[in-house]
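Two complexes, one shared chain (subunit A), two partners (subunit B, subunit C).
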Partner chain A sequence: MESVVLGTGALALLVYALAFASPYGLRVLTVAGVYALATFGFQIVFGLGGALSLAQGAFFGVGAYVTGILGSRYGLGFEATFPLSMLVPLLLALPVGLAVLRLESHYFALATLGIAQVLHLLAVNLPDLTGGSNGLAGVPPAVLFGWTVPRGLPMAGLVWGLVALGGLIGWRLARGRLGRSLTMLRDDALAAATLGLDVGRLRLAAFGISALFAGAAGALAVHTQRVVSPEVLEFPVMVSILTIAIVGGRGRMAGAVLGAVLLLHLPEWFRFLERGYLVVYGVALLATVVLAPDGLTGLLDRIAAHRIAVRLFGRKPRPLAAAKEPPLPPAHPSGLSVEGLRKSFGGVRAVDGVSLDLRPGIITGLIGPNGSGKSTVINLLSGLERPEAGRVLLGGQEVTGARADRLARAGLARSFQAAALPDEAGVLEAVAAARLAVDPDAATAEAHARWALDRLGVGGLAGRSCDGLPAALRRRVELARALVRRPAVLLLDEPAAGLTDGEKAELAAVLRDLAGEGMAVLLVEHDMGFLLPLAGRVLCLDRGRVIYDGPADGVRRNSAVAEAYLGPAGSA
Partner chain B sequence: MAALQLLVNGVALGAAYALVALGFVLVLNATSAVNFAQGDLVMAGGLLAVALAPLIPLPGIVLLPVVLVLMAVLGLLLALAAYLPLRRRPPVSVFISTIAVGIILQNGAAILFGPEPRAAPPLFGDDTLRIAGLAVPEQSLAIVAVAALLIGAQQWVFARTQLGRRLRATAQDPEMARACGVPVTAMILVTFAIGAACAGAAGLLLANRYFVTPTAGGDLILKAYIAVTVGGWGSVPGAVVGALLIALFEIGVSSVLSYPMALGALYLTLLAILVFRPQGLFGEAVRRRG
Partner chain C sequence: MRRALPLLIGLLAASSILSPALSPAARADDTLSFPVLVPLTGFLSLEGTSQRNGAVLALGQTPAGVAIASEVVDTGTSPEAAVTALERAGGRGTVGAVAASMLGTQMLAMLPLAQELKLPLVTVSGTASITEQGNPWVFRFFPGDAVTKAAHARYVVEELGKRHPAVIYQTTAYGQSGKTHLDAAFKALGVTPVFEEGVDPAAKDLLPVLTKALAAKPDVLVLHLHSGPTALLLRQAASSGVALPIVAGSAMHQPSTAALLEPAELKGVCAETAASPISGGTPEVKAFTDAYRAAFDKEPDAFALGQYDGMTMVLEAVKAGARSPDAIRKALSAETFKGLAMTYKSDGKGNMAHSAVIVCYDGTSRVPVLAKRYDDPALAAK
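Right, the complex of A and B next:
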């Protein structure tokens, strides 16, 4: 169905270009292709990765200037200028991205806008290199294998050929490991990190790819115009790309094409506005953000879903991959051991000198009254907080102060108190996301995810959406997410909260099994009836300190534990 | 003496920038949303003054209340169209919707006024006073006085009045404010109106000495943003101090090198601050709200 729609669209464009388009119409169509290409990159960094880069227009301009300068001043040919037009924006994006990609979204937008303004200033104020505000004329046409591509149909063909190629690459990236990892960290960066995804590196990759697409588009724009001027670096280019992406549909390659063809033709239909076509873009952008946040492709999807129960551009229900057991990583004979962990918040010692050992095959319970520091301990162990003092060894290796994603890749998994599942994703997708950092491709990750769901007795959920799952099932899916990574150490934050007695018994059996296989488990729990029969050893925290560390059956008789929960004897 | 002269010019420019940054940070605190259209609102205020001048052939100071009221109405419209429908969506939606409003304002202005720079009438007069060897344009003094008055009025409203208490409660914790009976939505609308009025006043003040073009908003939003980043994200006094620092930097570097160099240096400084001290020079005043 999807290919039928795309094929029909492509055919319609082809028929229009060959039979009906005037030379001017062909030019508009060519420019639409150029913008579609630039928007593919923007869909990856912003649509999928959620990083609002306002430098996409600037990278487009840099690509344009590289081709313009090298072509008109140094007479270099297409085979040299085109790759360089992609390479230079990439070289610019990498150091900038390294510096600012870990910042919050609005700072990133600001920083990229600052870069765009600096580049525009340079283009205007370095006339010896760029021709200043007049720019450079006499850029040669593109030459392919000795054939000079003339204006009109051949140039349109070249551009749209590259659009098809770029769209295919972008589409594959979006559906593959990179695209899914990016979506995952866009929706919940913390959860993504605890699943082993390196947020900074993924965003950098997306930013770099966006620069490659923008540079290629800029080069083609200059071959179409045959001149380059500071206009290519001005904000309207960025505005157009942003509007195309949002109106077409965030993160969708088909949306980029649809948006580009539509928006580049809009000014032709609003001729009376002359150069004010950008007002129309502004209105289209505002209307889409407010009324149809999924853009045109999302709208078409929904209409189609109502009428014929098939998604046009989105993911069709695919046959599920066969379940496959993920390989066990090399065992960590020494588990996780922690000495003298300390963390304060605003002068309050939340965790004060905690030492513990999580041995393979042992379930360790962590208890304590509310506010005693249990969750902070889990956050410290999983790398979401950095300890002020103390030492952490994972599998015998020093990992003190390591980031969450590194700890996750070293064999640590955790669950969250409020199961952190993305609502829009399907269950299988959500569990497979936990394998993206290790598996070679998305299909393998899904096969492994099915194994984990089967193992926990919820294989039937694979085709369902996370949205609207009852609490017990959400927790089971969350556990599958941890389990599918075959962790050596598993940290669970109140996994039994809100479960019925029957469900608790099932969970206890699963945890016993996992420990039996050699996993080291830390269980933060309030429910003593659930925890004590299960745990080989129990630690009790009070005001950040360990006040009990010993066998589970000693907890109930310990006076310090009773005092922590009930207050000093006699006062109550 | 030259340095003192630059200081006078820098403070006048900084006073106008302070109004821009103030409007930006008030909206930021009340909604956690970045109003990208703030720079274009300044431009709109400037061009509004240009358009009103032939209708009201009086000094700029008489135009000021008219501009304030009309811009406050524009701020209300902005909130109704681009903020309220999106308040339950991720923050990036508001960022994009205000970019859209900025595009509409900027290009609407280009259609109505054309691309050439325009000047608004001076607040009182065009004379230059000689004070102890310094050339002090009357307009510069008027800018500083009017900006100080407006910022003082804003501070007084926020600190001393019932409305101000409600506005502050909304900025601190909207859920809690709502629970205590504060009409949060109305307070957010009022904040947008005040923010746009501040921008409009800044536009009127700037549009005499520095002229105004439809595309001026881009640089102004960056400067407001830098002022707020330098002053500590969310800090009101920090934003005012940040704006003064930026203006002094801009005037100082321009006098030695050139305006484009000053602008370039400012943006590069911003990048350096973001990389090395993202919490701002004076620390971050508000943490991200969930």
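Right, the complex of A and C next:
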């Protein structure tokens, strides 16, 4: 069915171009294709990766200048200028990305905007190379292996052929490991790192890919305009790409095509209004954003999900992969050892000389009053914080201060106090995200995710969305996400919070099973009725220090623990 | 994706249905069309609106027995929008000539398509390179930088007797082209500027560049800026008590620029331009000024007058029997036309205007007086 619809769409495009479109219509369609191509890249870095790169317009401009300079000054053909127009922005993006990709949200946006400004200044102030503000006129049309591609239908065909190819590549990337990893990163970068995803590398890859698409689009833009000038590096190009992505639907390649076609045609329909077309354009944009906050593709999804539409056209649920047990990583007989861990925030010493051993097959409890440093210990052990002092060994290997993704890949998994499941994702996708760093493809990761969900007795949730899941199920899904990685060491931060007694009993049984398989478990918990029967050993923290380390049944009798929770005996 | 495609089809269908439906009524086969493709939005909107008004006023003089049609399209400031507008215009009936954008980068982008479509472009763009592309379809009815900047520099050196100018120009095509020609003109006069710096048209404070310029100890400030930046710099110079004479570029002569300043802030300021219709002149210029005010409730400037003259010359060619773009191109290339601002004659490259004037403000009104006229045709070659 899908192939029929796809074929029909392509045919309709072809029929429009061949039978209905005037040379002017073909030009607008061609320019729409150019912007769709640039937006594919932006959908990857911003739509999927969540990084608001304002350098996409600049990479577009760099691609345009490469083609303009090489085509007009050196007479190189399309087969040489086109790949070079992609390569040069990529080579620029990689060092720039290394420098700015670690910046957070708005700082990153500002830094990338700065790149665009620098490139614009260079274009204006290097007239011998770029033609200065006038730019370079007389850029030849695209010449492909000796054939000059005429404007009109052949040029539109070339551009849309590349749009189809770029869209297919982008679509496959978005649905594959890279796209899903980026989505995970966008939704929760910390959680993504603890699932083994290398945040920096992923962002750099997305930034580089976005530059490739932008460079390709810039090259085609120059061949349609036949001139390159600093306007290609100016902010309006970036705003157009951003608007197309938002209006079309963030992260969707189809959204890039829809948005580009709509936004490039919309002002043309109202040109007769002279400058008044801008008012109509603005109102139409506003209406689109209000009526379709998830973009046109999101609106179409909502329409398709409507009961009447489902009744009329039917709706097949996405087939789920068959469950498959993920391979067990090499065993870590020594578990996790920590000596003298220390961490301060300002003048507060949150963790002070904590030492502990997490042995395979043992559940270790970590308790303490609020603010005693329990979550900080978990953050230090999982790489979300760097210790100031101390030593951490995982499976006998020194991992002190290692990044979260490295620790995750070394066999450590954790859960969060507030279950960090992305609301927009499906349950299966959310769990499969934990395997993206190790499995060869997304389908394998989903098969492994099904196994984990089945193992925890929530296999029926595989086709559901994370949004709206009850607390107990959310915790179970998050546990599945940790379990699916087959970790040697599992750190759980208050997994029983908000659960009923029955649900706690089920969770306790699961944890016993996991420990029974050789997993070392650290359980941070306030609920002593849940924790003490489970834990073989308990540590109690107070003001960052270990005040008790011993068998679980000794905790209740320990005066230091009682004092930490209740205050000194005799105090008011 | 599969749900998106039907919408795509719908959009494209709507595009083909809506475009003709929303356009002016279908024209008779013998109607000659003169599209006006100018920047009405963006940083050049003031100048572009003058250009539009001049073209529209001229196209009101329909020659007897000839059906004329015109449509105004905003080209914004991007080359891409200008090319698309030209392609749109070229596909609608018989186009006689196009009143084309005064923005140099837009003209450079439109030139190859104009040559392909065989459409004469009539413009008031001052960017020198548009007539240096060997394209026979471009006609400039405003003196190019080679003319105006020579007049600019000559007035500074020969009339004011200044030999240490500080040059502040815009980092746009207009600014860089003007700066290049100013450099050449000053060099020909044996003068080297003591300071030269480009400023971005979006700059909101020009005091830093003004301070740097004054630190170079100039005896005159030479500006080549767009309308808004010209007004901003003059205001900041006046409020800083700068007493040096200032000779600005053509943007200063525009009434819309002067309206941004108090008359006292204009004292001692001069500007180069092609003409200043509000400064008076022949009865024909006065009639044009009155008609312009009546039609648009605005003051005309040299861009309006230049575009008016250009489109009037096109219509004269039509009156004389030219009914095709090629016939109009030949007439524009070969004929001499006595317009309101000056007499126009192509130099073989499409440069039709070879005169420039210097106008100055006396500090009591926003209407400048003519200070010097440079009619030497040899200016164009300098």
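Keep this in mind: the second predicted complex is superposed on the first by the 530 of 572 C-alpha atoms of A that agree within 3 Å, B and C clash if a C-alpha of one lies under 4 Å from a C-alpha of the other, contacts with A are read in each partner's own complex, and residues count from 1 in each chain.
Rule of thumb we're sticking to: a contact is a pair of C-beta atoms (placed from the backbone, for glycine too) under 8 Å apart; a residue touches a chain by one contact, two chains touch by 3 or more.
All of these numbers come straight from a predicted model, not from anything done at the bench.
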Partner chain in contact with A:Gly550 - subunit B first, subunit C second, else both or neither: neither
Contacts of A:Val289 with subunit B and subunit C, given as first, second, both or neither: first
Which superposed partner A:Leu110 touches (first subunit B, second subunit C, both, neither): first
Touching partner for A:Leu278 - first (subunit B), second (subunit C), both, neither: both
Which of subunit B and subunit C A:Pro127 touches, first, second, both or neither: second
Which superposed partner A:Gly463 touches (first subunit B, second subunit C, both, neither): neither
Partner chain(s) touched by A:Gly340 [first = subunit B, second = subunit C, both, neither]: neither
First (subunit B), second (subunit C), both or neither touched by A:Gly498: neither
If touched residues of subunit A are counted for subunit B and for subunit C, the larger one: C
Touching partner for A:Ala99 - first (subunit B), second (subunit C), both, neither: first
Common interface positions of subunit A, toward subunit B and toward subunit C: 124-125, 274-275, 278
Complex contact set, residues of subunit C against subunit A: 1-9, 11-16, 18-19, 22-24, 40-41, 45, 71-74, 77-80, 83-85, 87-88, 90-91, 104-105, 108-109, 111-113, 116, 127, 129, 133, 171-177, 198
Residues of subunit A defined as touching subunit B within the complex: 50, 52, 96, 99-100, 103-107, 109-111, 113-115, 117-118, 121-122, 124-125, 235, 239, 242, 246, 273-276, 278-279, 281-283, 285-286, 289-290, 293
Interface residues, subunit A side, partner subunit C - complex: 1-2, 5-6, 8-9, 12-13, 16, 20-25, 27-29, 31, 124-125, 127, 132-135, 137-138, 151, 171, 221, 224-227, 229-231, 236, 252-255, 257-258, 261-262, 265, 268-272, 274-275, 277-278, 296-297, 300-301, 303-304
Residue ranges of subunit B in contact with subunit A within the complex: 34, 81-82, 85-86, 89, 91-93, 95-97, 99-104, 106-108, 110-111, 215, 218-219, 222, 225, 229, 260-261, 263-264, 267-268, 270-271, 274-275, 278, 288
